[in-house]
Structures are given as C-alpha cells and as structure tokens.
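As written, the chains take the letters A, B, C and D, and residue 1 is the first residue of each chain.
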Amino acid sequence: MFGLNAKDTRLLLIVIGLVVFAPFLMNPFPTDSGLAQFNAGYPDLMQRFVIFGIFAIGFNILFGLTGYLSFGHAAFLGAGSYAAVWMLKLLTINVIPAILISTLVAGAFALLIGFISLRRSGIYFSILTLAFAQMAFALAASVLTPITGGETGLQTALNDPRILDGAASGTGNIPAPALFGLEMRDSWDWVVGGWSFTFNAGYYLAGLFMIGAFYLSILIFRSPFGLMLKAIKTNQTRLNYTGLNSRPYTLAAFVISGMYAGLAGGLMASMDPLAGAERMQWTASGEVVLMAILGGAGTLIGPVLGAGFIKYFENIFSKINDNVLHQWFAFMPDGIENFLVTILHPFVGKGWHLTLGLVFMLVVIFLPGGLVEGGQRIGRLFSRKKKTDDSPNADTKPAE
Amino acid sequence: MGILEIKNVGKRFGGLQALSDVNLSVEENTVHAIIGPNGAGKSTLLNCLVGKLIPDTGSVTFQGQSLLGRKPHEINQMGVSRVFQTPEIFGDLTVLENVMIPCFAHRDGAFQMNAIRSVRHQNDIRESADQILTDVNMLEKRNMHAASLSRGDKRRLEMAMCLVQDPKLLLLDEPTAGMARADTNNTIDLLKEIKEKRDITMAIIEHDMHVVFSMAERITVLAQGTPLVEDTPENIKGHPKVREAYLGEAQV
Amino acid sequence: MSKSNFTRRGLLKTGALAGAGLSAPTLFSPVWADGHAGYTNAPAGGTVTLGFNVPQSGPYADEGADELRAYELAVEHLNGGGDGGMMNTFSSNALKGNGILGKKVEYVTGDTQTKPDAARASAKSMIEKDGAIMITGGSSSGVAVAVQALCQEAGIIFMAGLTHSNDTTGKDKKANGFRHFFNSYMSGAALAPILGANYGKDRKAYHLTADYNWGYTTEEAVRTSTEAMGWETVAAVKTPLAQTDFKDYVAPVLQSGADVLVLNHYGGNMVNSLTSAVQFGLREAQANGKNFEIIVPLYSRLMAKGAGENVKGIFGSTNWHWSLTDEGSKAFVKSFGTKYGFPPSQAAHTCYVQTLLYADAAERAGTFNPCGIAEALEGFEFDGMGNGKTLYRAEDHQCFKDVLVVKGKENPTSEFDLLEIVEVTPAAQVTYDASIFGGDLGTCNPGA
Amino acid sequence: MEAIVLQLLSGLDGGSAYALIALGLTLIFGTLGVVNFAHGALFMIGAFCTVTLQRILTLSHTVIDDTQKDFLGNPLKVQVPYIQDWFGEATSAAIIDWSVPLAIIFAIPVMLIIGIVMERGLIKHFYKRPHADQILVTFGLAIVLQEIIKAYYGANPIPAPAPDVFKGSFDFGQLLGFEANRIIYPYWRLVYFGFATIVIASVFAFLQFTTFGMVVRAGMADRETVGLLGIDIDKRFTMMFGLAACVAGLAGVMYTPINSPNYHMGMDFLVISFVVVVVGGMGSLPGAVLAGFVLGILQSFASMREVIEVLPGINQVVIYLAAIIILLTRPRGLLGKRGVMED
C-alpha cells in the first residue's frame, strides 16, 4: 500500500493510529485519580509531541542516513518560527501561508549554511553548523531585536497590519491562528466515566503534517536517494570512486532536513504565535541530537519516540512537586510516606534534569540502538515465547 | 597511442622524491602490471591516476583526455574504475545494494533525485545487479551484509561494483594482498574470465609474482620512483637489471 | 456557534461531570456546553487551582525556589493556616482565611527554565491540564511578557512575578496581566536624586548593558534620569547575555575618562560584571579628581550574596527588603522567617503579595471571572503590604508604590544582612504617564 | 595604544582560560579517542572543590550573642569556625583567606580520583562505540554531575574571593613608560595567567620528557602497535584521564575568584572549549593552546567599544566567525592532523 512494502505499510499505519488515537492513549488514567499527573493528553503537549517528532524525523534524514552530525539544526527551527510569526503578523492569521513560508525560509537558510558547512566532514562539519547556529542565536537575541523581538520573542499584536484579514479584528483581542476560521486552539472534550479526552484542532493539523512527514521519510529511506545517503555514511571513498559526487546528495539531505525543521518551527508558531531566540540556542540543537540518538538514530520510528520521551519528561516530571508526592503516598503510614517522598524528591519537580541525565546514560549504556532496540528486545522476547507456545501455527504462516 | 598515457610524471613529498620522470603507456585491451619493491612509488603513481594526488610535473591522459585536476568521481565517470588494496565497500549495506549504487551512478554523473524515479527503472537496475552478481558467483549472498563477508568475497564484491559500470580501464591495487593461495588462484581465474568476456584494459599493481606472471601481458618495473624497464613477462623474468633491483631479493 | 479555546479540566475534576458521564457520553460535545460560567476554567466544586510558574532549573532556580516558598505560604494563609501574615495588615479586609470565595486553594507548580518557550509550555499545561484559573511567577521579563500574552489569549489572569522591564506593563502590556514589581523607569527615577546627592551633579557615566530587552530599558531609564540632572554619558557598551567574564568590557573603563560605571546587569551577569569591576580596582580608583563609583540599578539580595564582598558601598534600587519596619513587612518577615528559617527575598515578597491581591480581588468582585477580577484590581488602592500606600493603575496594570534605594552594607551581621536601605523614594516621585511606553492594553478576555 | 595593550592583556588572560580547558579536552580526545562532553562538568567540580574546602574550613559552632538581634528579633546566633578555636582569630582568618590556593592541594587528589573512577567505571566501555554514543553518555553524565552540585549547593553563585594580598591591580602602564593608572591589570588574573602557563608547560614537559609521556604519545599516534610492544597502554590511558581531569579541575579551582562559581559554569564553557579544540585541530595539543590564545585575543578586541560601534554585535559572534573562517581555509584547524575525526 502507498507504494511501500508490507513492513513499512504496517509501520505507517501504526504511526497513523498513534496520532489519531493519541487523545485516548495519552490519557490512560481517570481525571480524578492520583495517576492523572502522568496523563499527557492535553493539547499543548500533544502538539509538542508531533511537532518535535517532525523536527526529529527531519534531523534523522541527515544524521541517521548520511552520518553528518549537525549541531546547529535548531537554527532552522528558529528561522521557521520567525518566518511564520511574521506571516501571521503581516499577511493573514490563516496558518497555511505561515507554514509554507516557514518551510521555504528554513530551506533557503539550510541551503546557505549547508553549502558552506558541507565543505568539511566529521567534527569539523559539526562545529561549523554549531558556529552558524550560535551566531544566529546571539544576533537574534540582541542586535536583531527589531526583527526578532529579542529575548522576549516575537509575538502577534493588536495593531499588526495583516494585509488579507486585518480588518476583521477589532474586538480588543488578538485573533488566534486559524485554518480558514477553525482556530488552532479549539478543542472538544469527550467525557466517558471518569475519563476525559480532548480533541484539539491544532493537534490534528500538526498530526496530519507529521504523518505526511513520516511517510515522506519512509519514501526517502527506501529510495535510491536514501540508498546513496546510506552509502555516504558507510564509505565515502568508495562512493567517490563509483563516479558519484557526494556533495549534492548531502546538501539535498541537509536542505530537506532543514525544511523539516522549518516546518516544525512554522507549526509551533501556528499553534502558539510566539518565536523566541532561545529556540536557536545550542541546547535546542543538542536536544534534537539527543532525541535522535535516544530513540535510535537511523531507524524510522526512533526519533519520534525519542522526541516524545524527552518532551514527556520536560513537561510531566517537572510538574511533580512534594505536594503531589504526598498525595500519592498518603495511604501509607506517615513515616514511610515521608521516607518515600524524601527518596523521590531529588528526581522529580526541579530535579527532572537529573532524571533525564540518568536516563540518557542508562539508555546509551544498555541499549546502544536507543529505545527502538529496547522495543526490539521486548518484541524478540515475546516472539520467542510465541514460537514455543504455538510453533505449528507459526510455521504455516507465510514468511514475509 | 595507448589508452592511458603517462608522461614525465614527477611527485615530491617534502624532501622525498616519490616519483620522477615516469613514462608509461598502457595499450587498450591489455593487462599491464606495474611491479616494484616497497617504496618504489607504485601507490603514489596509482593515486596520481585517479585524482587523489596531483603530480607536480608531467601529464596523464586517458583516451586522449587529461586526467590532471579532475576529482575521483569525474575520472570514474570517464571510465576508470579502481579496486583497492583493502576492499572499499559499503559495509552497512547488503551485497545487492552495494552493486545497485554504481548502477545508479550514471555516466553523465548528473545528480538526480532518484527518489522520484519510476519503480520500473529500479527493476532494470536490479536486473543488471543480479546479472553481475551471477557473474562473480555471489548471487546467493545478495541479501547478506557486506561487512560480514569473507575477505575474498569482499574483493569479489568490489570487483562486481566496478564491473557493473562497464569500465574501459580497471585499476587493481594489489588485488590479492593478504589472500591465501587458493583465494589468490580464484581471483586470478575471475580476472581472466572477466578479461575474456569484456573489452577491458587492466592495470595491476602487484607484489605477488605468481599473479603477475600468470596474467600480465606487459610489465613495468618501478624502482625508486622511476621506471626501470618495461617488457613482456618472459623478457622481464630474465632481465638482469630487474633481478638486481627486485627479484634478487624476493627469490620467487 | 461559540467554541472553547481551552479545555477546562478543572470542571471535570469536580465530579459535577460524573453525572454527565453516567448519561450517554456526548460525543464531541463542543466544550461551550459547560461554558455557561462564561470564562475559562471556571472552578466548580470546593476547590480553586492556582498555577505557580517559577524557574526551577537554570541560573535563577534559587530565586524560583524562594518564590515557591512564598506561594506556599500565601496558600497556607489564604486557607486559614499559619499566622495569617500580611492578611492581618492588608488594608482590604475581604479575605477571611477560608480560601477564595469559600473555595479551598490548591496549586500546581511548573518550571519556566527562564525560557519563554518552556514557560509557556508549562503555563499551558497548567491551564489545559490542571484547570488553573490564574498563573503567576517568573524571574525574567522575557518570560513575563510571553506568559502574559498567553494568559491574555487563554482568558486567565496573570499576576507577574519578578519582572523589571518597562515592556511588561508598557509596550507589551495586556488586559489580563498585572505587575506588582517596580520597573526600570522607577529605578532610574528613584536612584538619580540619591546619586546626585552622594556623588555630585557633574559626573561622567560609563554604561555596561546586558544586550537584551531588559538591559535596553534599564540603560535608557538610568541615562535619562541621570542626564536630566547634569551627568554626562561617556559610553554605553552592550555585553552579550551569555557573557561570563566581563574583563574585556571592564578593562577599558578607566581609560575612557568616566568616573562612574553603571552595570545594567541582573543575576549571574551582575555578579560577574561587578566582580570584574572590583577586581580592576574601580571601587578604589580615582578619576577626574573624584572617587570612582559603581552603580547597580537593580539589586537583589540573592545576587548580592553571589557577589559577596564586592557589593559593599554600591548603590542600587530594590522593590522591597526584609529590613523594612512597616507592619506589613514585619508580619511577612515573621511568618516567612518562622516557617523557613531565613528572611524572604524581594521576589518572594512580590509573589506573596500578588497571590493575596488576586484572592482579595476575587473576593471583592465575588467571582473568578478574569474580567471581574481585572475590574476589581484596576485603580485599586491598598496599604499594609510593605512599600506603603500602593495603587494598581488602571491604564497599564502597574503598581505604584515606594521604591527602595539601597547600598551594599559595609559590616553585615549575617549572610542575609547585605543591603541597607538608604532612602525610601515616595511613589509620587516615580510615577510617570501611562502612555509614554506605548502598547495597547486591549480588552479583558474571559476566554470561553 | 594604551587601549590596545590593555585589550591584548585581557585577551591573553581569556585565552589562557580557554587554552587550559581545551588542553584537557584534547588530552582525552587524543589519547582515548573519546569526545568528552563532561569535561566542562569536571571544570565545574574543580571550582566547587574550592567551595567545599571553604565550607570545611568554616565549619562552625553557634554562639549566641545577646547584644545583637537577628531578622526575627531573636538574639543573634554567631557562627564561630572551629579552626578559630584551634588556631586563634588571626591565623584562622589567614587560613580562610588563603582557601583558594589551598584548594589546589585539596583538588588534586579529588580530581584524580573522580577522573580515574569515571574512566574505569564508564568511559572505558565507550572506546569502541560511535562518537554519537560517547556524546550522549558524557552529556548525560554532565547533567547528572551538575544537578548533584545544584541539589547540594543551590543554583546561586557562591563567592570565593582571592587572598587579600592579590586584591588590587598591577600597573603595567608605568612599567612600560605610560602614565600611571592607564594600563592596570588585577593581580589575581595575572596569577591565573601564570598558573595556566605553568600547567600547560608542565603537561608538555611531562609528555615530552618522561617515559610515561613518550609511551602515551606513541599510543596517541598508533594505539595497536604500542599494545603489541607488550606495554599496558590501558593503565596509562587511565592515568591520562585522571591527569586531564586534574587539569580541568585546577583550572576551575583557580577560576573561582574571577567568577563566582555556580553549577552551570561548566556548560557555559563547554561549547566554547569544543570550538577551541576543533579550531586548533582535533587531537593536537599545541593546536588547542594556540587556538585558545587566538580566540581569546580576538574576543577581547571584538569587545572594544570602538569595534562594536562599527560592527554592532561583533562581540557576540566573533569566536564563531573566526572558527568558520579558520575551518574553511584550514580544513583541519590550525595544527590538525589528517584523518582525525573526519568521518
């Protein structure tokens, strides 16, 4: 289906299913229960999952396939965000032009930076991209303040011109980004028993883009172009002696990956019309590197998992405070309750960084292939069990 | 006029004169071996042919066109393929994919977004890849990871990758280095077979006299960066200068 | 058809919807169905949730921790616990110690990381997931401006924490946002007369300015007010926000002919630039036949602690200090000090007061509707919260109150006793016209 | 002219800090082939060795002073350090005053142990792993280390002043025949510069003139061959890691009077030190030192008011701009070798 083989089709269907049913999957706990703290099914976080998913998928096209480790990818995300907010300010509050322009602007920016940086390989390439991104960040936060809003960030305002639909506003409130009248922040709730599921317009728009981005990335992975990129990672010498100039291929991968980042930035600004300079900082670039490696660089689904994992930590673990801990363990005797709270205290709330650092170390030590390898190991565990359980059945099934 | 003409080539690394005044002509459709003791400048010469090094003096022409200043991939596009001393293959990819990549690399060398090309075209490529794998007896290993192949198979794969591009000149850098005698003989047979089936010129840099004398039609002996003598294998064997410079110590 | 902009989990939490759950699930019921209250996250049931959004990681984590302590104290007092703190000295007597409008106060916390993006993400999760009715906190103007805009969109009240830039209630002001903390303009206006009196009216100033929005407004405020009384500005150099060592910027100061150095820096920047300036001997130096002087327009006790002995004798301004002797300050210091064992910082004070002011406004308005609360806060005059008589100005939602001019103490008796109050500048002297910074308040947004 | 001399001094000073950190990073990379993102954290831990020593020296018992009041109006509790009881007021004040230099003695064993434990416990399992994995694991470690420090010491900077004798500045101008007070430079920064020079020189001397150093240098060039000679290169590499940790730690100890230490100071230096190492050429020790000074001086001149006025924002980007230009004109940095970290 979709021009993919059976395995890839299945993967794509799984991703589509995850995106469509995320409002249910992310809210497994009843709203009133103590575990509701772990629910992630609210619009902002779900939007972040898919948007950073797009960012990580794009990064993986460059890093996972060609092995070129860009340490400045956040610059494209930031450039995309700025472009999108400017579109929302100047042209129309409709998100379509914002998303398109942000992708194109980031692509152009990537073409420029890639053209220069790809003259070098290995760590020299990494440092070149880092240098460009840090320059973009430093300038955006200071001397470019008139264009970027500086450290405060670029926002929409009441008196924005909005050439196409500026006349419509005048209610005293800034209009929210919308898709032909459907505001990105619109949500519907569905309450079933103690559960409540939220369906958010912006999330589904972003989700649609992520499914498209994922599908495109499968096509790239399986195409001859993707094969060339893998060949670059494996052995550039041989590739050159095979009559191929690797530069156009790496540059194409770099630009595609930059456009993915721009798309993510554009979507981010469409969900929430703000673009800040710190989106371009090296820590933001480092974050996407960590997402890809944590999830499993070079695999299709890995980066998406990594993105979800890190964003979950950042948004859920940081909100667990001592109060919440006490609530959880309230049923225990006071002594044990206090003991448990004391033990957990350093790892949650303001200590979420510590937990994240530990997880990075544990994953990379025990699962060199990232979370995907963890999944495969669990899968193998089950399939081995299955084989012993109903081996006659398994034998009759045609091999894929 | 040979297919490959090397004229007055010299190359200097700091204080070391690696090559000086090398003149060499490789005739079309012959197997031409270049031999010489360690440090004679064989590898330097080879690197000057493929664009990895640029000679300080002299000229290198292939089919009348100069090779100097061209990059490796451009030289390859002119019809020159190279086999390395340690096989350079795409270790992370399967054998089939390894052979498909040179198929995609079209002679015009234009960068194409192959992602959007038709599936049918891919099938053609797959067919020619299968054909060449049959030729080198590796069809049954097509789905193996290239890195997991034996050294002999890696060498074979590398040759398949070169041959699938139908090169006019094949440069072989010690193709049997580090091989067991049986493997060496297999390789010689393979090369001979290739030579029979195709119009191809081969230039071999080799240490192993057994290989050289069982295949080469012309031999150039290189010593201290300059050609000592060039002749047929029979004449080389008995050449006193060669014995003195090279065979004397090797005792084949 | 009206739809909701933000979901209101708060309502769902109350069990009012348990009944709705029993009846056939209303598939895709647009949330306006429970929007009868007319505003976002209208609390139902016996509790109301406030969102405390403070820096818990990054360089301002300690300041954030102090803010959080103040919030917890405020919640305790609102719910009738503890000694009541400033509730006893507050001129408005609407608060009864039974929560807000009879509802018990609960809270959620989040980490701003002192990054606008992260702060907004955290605030959004409080609004969308936890049903918070008000967001407060923060330790930088970038964060305050970003979160304030979000709250305006969402129909939530934002009670700013520590934010000193003119922009927060100037160019970026919003109808749903309120600031108790003072700003750059007030610092300049309060400092200038004291500087004139101590250092004379014939001075040459050299500014080092952190290269971002707050730095710009502070430099401008101090320049304008000092130049008005006769000082000359020799140079103003912008320093990168990420700068850690200021030697390159401090070294040329003495050669420039200046005799005063103004450090428009806050936080780690201020600690490091002041340390560098003292190392280069500027505190002892002579220039133009006068003693060379250093000025830090915005002081914070926590940062003064980081700079150690270097702050001695250096003038600056601050929003509040624990050594104030009015009844309100004394009551607050006592309940904070008793609970935590050390005196509160100015950030803690502002956050505590903001929470009480919000609760009081809700009581007086008789509703949690942001528009009602905004109305109750606008033009509200109060006393007994430190800083004397205070006005929440209707035009820009900025508080006008006395500003403290302080000096690094020469002989501190303890690690908290680092600043001494030189002068309490009366509110009238720092009041300005609301229109000078531009911006548009817009109209209040109740969401829904 | 005076401005230029002063800025040059300032640049050399900044360069020495860059060079010192980059030196340790290059040592680890050159010998072990590991990209160590936790190097900044080692620098930070070194700085906190000073703070820890300060805390130990000022371990106190409480004496209640009825004549003074604390902020709640209760009698003031005065903290009296134990060493004051033991050595008397003057001596103990002097000891506390000298806590930064004393911390050197304290930090050397601490950093050695941390370095060796880190190498044996974690890093050695990553020699054969891809650089990306090394980056992830050491970055994770850096976060963990700094969060531990933050949990214990808080996020606020903690002042650690230099001994009183080093306060004040040295008048270079008069030495060179300029007017008084035109070119002055703080004593402690000069001490830091001298200290950095000595450490850098000793590391070079150590590698150049000791057998240990010779083996390590051989190992840097060709690890397998040295292994074949029957030398236990692993043990020496462990010591090398300890040494690099020590260099980073000492850089941190001596840095504390310049900037009050805080838990994220390592991260602040991390990016810049990587840029220095790469600009110098991966794996080249002289390159790292040279690049450190070059970038330090460039940074210093770009921060001049006169320069910023012409090119606004240049002070923000000069290091990165220089890095780009150097890497584009010299493919392997200033003094890099072919084939190192190019794939």
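Throughout what follows, a contact is a pair of C-beta atoms (placed from the backbone, for glycine too) under 8 Å apart; a residue touches a chain by one contact, two chains touch by 3 or more.
Small disclaimer: the values here were computed from a predicted structure and weren't measured.
Of all chains, the one whose mean C-alpha position sits at the greatest distance from that of subunit C is B. Of the two chain pairs shown, A-C and A-D, the one joined by more C-beta contacts is A-C.
Centrality by Cα centroid goes to chain A.
One inter-chain figure worth recording: subunit A and subunit C are separated by 33 Å, centre to centre, where each centre is the mean of the chain's CA atoms. Note: centroid distance subunit B to subunit C, computed from Cα atoms, is 74 Å. Computed centre separation for the pair subunit B/subunit D is 52 angstrom, with centres defined by C-alpha atoms. Centroids built from CA atoms put subunit D at 35 Å from subunit A.
Under the contact definition stated at the top, the residues of subunit C that touch 2 or more other chains are 57, 61, 65, 211, 238, 240, 242.
Residues of subunit B found to touch two or more other chains are absent.
For subunit A, residues that reach two or more other chains under the stated contact definition are 138, 142-143, 353. Looking at which chains touch one another, you get A-B, A-C, A-D, C-D. The residues of subunit A lying in touch with subunit B in their complex are 3, 219-220, 223-228, 230-231, 233-235, 237-245, 248-249, 252.
Partner subunit A is touched in their complex by these residues of subunit B: 50, 71-73, 76-77, 81-82, 84, 88-93, 97, 100-102, 104-105, 107, 109, 111, 113-115, 117, 119, 122, 125, 161, 165. Chain contact summary for the complex, subunit C toward subunit A: residues 3-7, 9, 12-13, 15, 17-18, 20-21, 25-31, 56-57, 61, 64-65, 107-111, 115-118, 120-122, 124-125, 128-129, 141-142, 145-146, 149-150, 152-153, 165, 167, 172, 175, 211-214, 216, 238, 240-242, 440, 442-443, 445. By the touch criterion stated above, subunit C contacts subunit D in their complex at residues 57-63, 65, 211, 235, 237-240, 242, 244-245, 247-249, 251-252, 254-256, 268, 271-272, 275-276, 279-281, 284-286, 302-303, 305-310, 322-323, 333-334, 337-338, 342-343, 413-414, 416-417. Only residues 63, 67, 69, 116, 119-124, 127-128, 130-132, 134-135, 138-139, 142-144, 236, 282, 286, 289-290, 293-294, 297, 346, 351, 353-354, 356-361, 363-365, 368 of subunit A touch subunit D when the two sit together in their complex.
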